[in-house]
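Listed below are the structures to be examined.
Across the two complexes that follow, chain A remains constant while its partner is chain B and subsequently chain C.
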Partner chain A sequence: MEAVIQSRRKERVDRGIKVRTDGVYAVSSWREITYLVAPRLLLIGGLVLLPLMLSAVPYWQKVLSIICIYSLLAISFDFLAHFVGLVSLGGALYIGIGAYTAALLNTHLGLPPILTIPLATILGGGICTLLLWPCLPLRGVYFAIVSLMFPLLAARVIEALDIFGGTDGILGVVGLPNKWVEMYVLLGAVLIILFGLRRLVNEDVGLVFRGVKDNDQAVKASGINIITFKALGVFIASAMGCLGGAMLSHLYMWAGISQFALDFSIIPIAATVVGGGGTLAGPVLGCLLLVPISELLRDFGTLRIAVYAVILCAFIVFKSEGLMVYGSRKYQQFERWVQI
Partner chain B sequence: MEILIYGLINSVSLALMALGFTLVYGVSRLPNFAHGSLYVTVGFVTWLLLNRLGLPYPVAMLVSLVLIALVGAATYQFILVRIRGMAISEIIASYAIGLAILEGLRWGGLKGTTLTLPVFAQGSVDILDVTVDFHRLLVILLGALLVGGLWMFVNHTKLGLALKGMAQDERAALTLGIDSDRMAVFSMALGAVMAGLAALVLMPLGNIVVESGYHVLIMAVAVCIVGGLGSWTGAVLAAFIIGFAQILTTAWMGPHFQVVVALLAIIVTLISRPSGLFGRQKELEERV
Partner chain C sequence: MSAETMLSLKGVTKRFGGVQALTEVDMEVRRGDILGIIGPNGCGKTTLVNCITGFVRPDQGQVIFQGRDITGWPPHKVADAGLTRTFQVMRPYYSLAAYKNLIVPLFSPRARRTGGWRGGGRMGDRNTVAVDILEEIGFERDSYVPYKTASSLPTGYLKRLELARCLALRPDLIICDEVFSGLSMSEMASMLPLMEKLRAEGVTLIMVEHRLRELFSLANRVMVLNFGAKVCEGNSEEVMANEEVKRAYFGSEEVFEYV
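For the complex of A and B:
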């Protein structure tokens, strides 16, 4: 008797509508336009309406602001890791520097939030870039370790030198006018940055960025200074983090050492891994899932850190593509079994 | 004189903390960021066995070392082996494991309290007008014994040589019949035991607190990077450099700067000489 081995494999085929919408003919029918626009509108509309839906529960509106701050950080991590090739484990540095810059501008120079936030974004981005400048030749694990050390170092230096209010932090930062401004400024920033960055990475600059990530020697050989481009990438990413930090200090009316804490480094990474790296929208999705979980677990104290560490670990090991990649694959392709 | 003696003790403690980390990295190129959490776990488990189950001290130590070896091996076998070779995933995953263990422990009752392990020997002795307690002297002795023992093990036993072979060239080792996955599991277990031994030797000098997990991790990473990742002689030498640098800064500038020294050492080393004092990653110098 001859054993018949039946083997099958899964085949993935692009949906017809996906193929049709790739071309310029997409505008020829409402169905195609809807197919293209629906996911984007879902995100934009969802984010814009969320504050209104949550108006019954003010506590969760606060959480929404925090989600946005984490999203900014997560997008910056994703951009830096998957488009520039620098894995920065120290997102807390950006938050901390942004927060301290905004707080100092506000308390010492008396500038209102409408000035401190943009200034802290630009200045903070500049400071972070200058701090990280010597490390820019490093890649991979080495850059990751150095960037992990920076927030720890910053916190220790502030503590040891007792500058900027030492362990007490800077008190008396002016708050934002009302919670709607808080939420919509942050939501707007997240959306603009998200779609702006998606544009940016497809421009010429984005091409160079990806070149730096994939083969920096080749980029160098083309006569492009890779350090300049890495610095530009770090500036963009850290400015986003600093924007989050500046908002955070106005939100809590306080800037302190705890803004250099590990939370700000680990949650964005977890969100990026869960949401799907390299998609830019994935990290926002990840934050929308993870931050509420962490809020729900607030009663359990530090157990929440353990919980999202476990989630992170599970995703990175078992589902490393992330939700966003998985989702867009399901949206654009169908699968079928074929006989071999 | 005081600086010399305490610098020596501090250096040996740093070397103890770093040995496990550098061992695992050297053999399987896995930066084990869960190292600090293994350290704290051993301390906590030993305390539990000692005070809750009432086991005698040596038995408790032995049991917790065996347990931690199993934990280390299991982490590798079930989790880390799947992402082997993806450097960033390895860092993030092992860091997440460490974080989960540490924060889990903190939640499970290890909260900034005053759990302590008993010292091995009471009393103190005066060496050239400096009072040193016996346990600190024992740290030096045990540290030297451990480094020596490890050296003997690696150079003069079959298993140790297999580990060394894998560290030098994994493919060549595979062709000679060394199972690289099994060796990696074994090295992870051994690294965990080293972390555990460091904990047992050093913990009686202070309290068992979760924060020391992070501290140990930073120190281990600092020592390994300054010494060159994966190089043991480098690690021991770097432990002495950082150890004395820390004691000197404490003496002159205050204890706050201790960690700053370690972090600065990492940053300066990585910027000026990324492969460390004794690093063997030559290709890295071309690449960065």
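For the complex of A and C:
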């Protein structure tokens, strides 16, 4: 007998609880409130408790700090790429500028970390924005290429002119008081920036940013200078990166040209792909996954990069939408097969 | 008519490489006018709009808007001065809900200065004003249409959204680049009263159009372009009677006779 070919397709339907919690009825019962709050509490609670859970293994506490720095970069990449429309490969520039600014403020002016870190965040963001200003009219891959060039350029200039300690870097940067301060300042920064940005992109200013991403001509025709808004977006993103860089230089008590290394440009992008672009929380998730994997693979020696690449490829091929998108879909919708 | 001049063009010329897109175009629009601009495909209508609104810089000539020389101003400054345009190819923010599309113009410096559409930005929050504009322009407030993402809206609504984006700025002059093109007859029929309402409210309009019947019912003056040069200007009967216009527009046989 011939097999009957039945065509069917997958239908996705919002879960009842997702629909009920969309409006003001979200506060109608504890069940609804829990549905909304649980994922957020899981993230916040998890991040706050992680340092304590890792207190037995100080090495992994250090890794946690690095995860946070990469998370800052990944959120900044996601924000620029998916909400302002600038694909920036300048993560290394932001880290480098932040690290050098903090180190110079600390060693030359003798400022304590409590001042150098906020100053480096603001000043560094300003410097990065000024550097990238001439490139702001560019879009898409052109902006990506130019922003990739800057960290390479900065490293070579420091090396060639032998400024800021040349290849040795700036030594003798004051460390942070203790590891708890390190971790909680970074975790706090990640959480505040994550939830702050999520709110920002839905405010009126954020809608203009998203307008620039969707259709910059229409924004111009609405009487808004898009260069101003792109510059503001780059400032927000680069300041986040510089915060990470400043923390890094105090963490290592050193600032050097390896902080312009391309890892800082590339890993955040990988994390965004794995975690799910356009979600802001996804990139943090991606970093929580990728950075530890990269640490665990140290045993493989030089094969580390190869294994890492295979994992990345697998993610891109099998779950290209990203973990966060996949997860929130499962959380909010159920799927069923319907016959056509 | 002695109404004040809103916009005047003096000898606007634009070349793209070897292509002469516009040649010495003169034009004048007075307050309350509805000027139609027609012409065959590729005659420079959209280039003219681009030159006026700053998306393209004219090689020669002057664009004077409300007594100010705005030649070569960037688009956002032109819009800020009160001269807005719609795009022939619709340019909504696809990922945003329809009413959120209007938050962007309502957030612009001009709208914050003037209160935007009917000064509404001063009274209510921008979301309410945005839905007000959409309701005025044919999005049913209580339906879900204004709250759908722009990517899921049909062409007719997107054209209206273009117009709504201009209205949000509370402009002095709107240039509509082919608002009727690509619309079904019924969509067009529902769009016409809208334009008539705008006219009744005294908005000055320039309409670039291919739909002559709809245009002639609205416009009080019509200008014809061909090969980037002005062929003639006048009311609709004068234009239709003009021999050169017939030649440019309706038939090539007569042209062959001249050759």
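In the analysis below, the second predicted complex is superposed on the first by the 315 of 340 C-alpha atoms of A that agree within 3 Å, B and C clash if a C-alpha of one lies under 4 Å from a C-alpha of the other, contacts with A are read in each partner's own complex, and residues count from 1 in each chain.
FYI, contacts are C-beta pairs under 8 Å (C-beta built on N, C-alpha and C of every residue); 3 or more make two chains touch, one makes a residue touch a chain.
Note that this is a predicted model, so its numbers are computed, not measured.
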Contacts of A:S320 with chain B and chain C, given as first, second, both or neither: first
Partner chain in contact with A:I224 - chain B first, chain C second, else both or neither: second
Partner chain in contact with A:I44 - chain B first, chain C second, else both or neither: neither
Chain B versus chain C as contact partner of A:C135, first or second or both or neither: first
Which superposed partner A:N215 touches (first chain B, second chain C, both, neither): second
Residues of chain A that lie at the interface with chain B and also at the interface with chain C: 217
Touch list for chain A against partner chain B, complex: 81, 87, 89, 134-135, 137-142, 144-146, 149-150, 152-153, 156-157, 159-160, 217, 262, 266, 269-270, 273, 300-303, 305-306, 309-310, 312-313, 316-318, 320
Residues of chain B touching chain A in the complex: 31, 79, 82-83, 87-89, 91-93, 95-97, 99-104, 106-107, 218, 221, 225, 254, 256-257, 259-260, 263-264, 266-267, 270-271, 274, 284, 287-288
Sites on chain C touched by chain A in the complex: 53, 55, 74-77, 79-80, 84-85, 87, 91-96, 100-101, 103-111, 126, 165-166, 168-169
Residues on chain A engaged by chain C in the complex (per definition of touch): 204-205, 207-208, 210-211, 213-215, 217-226
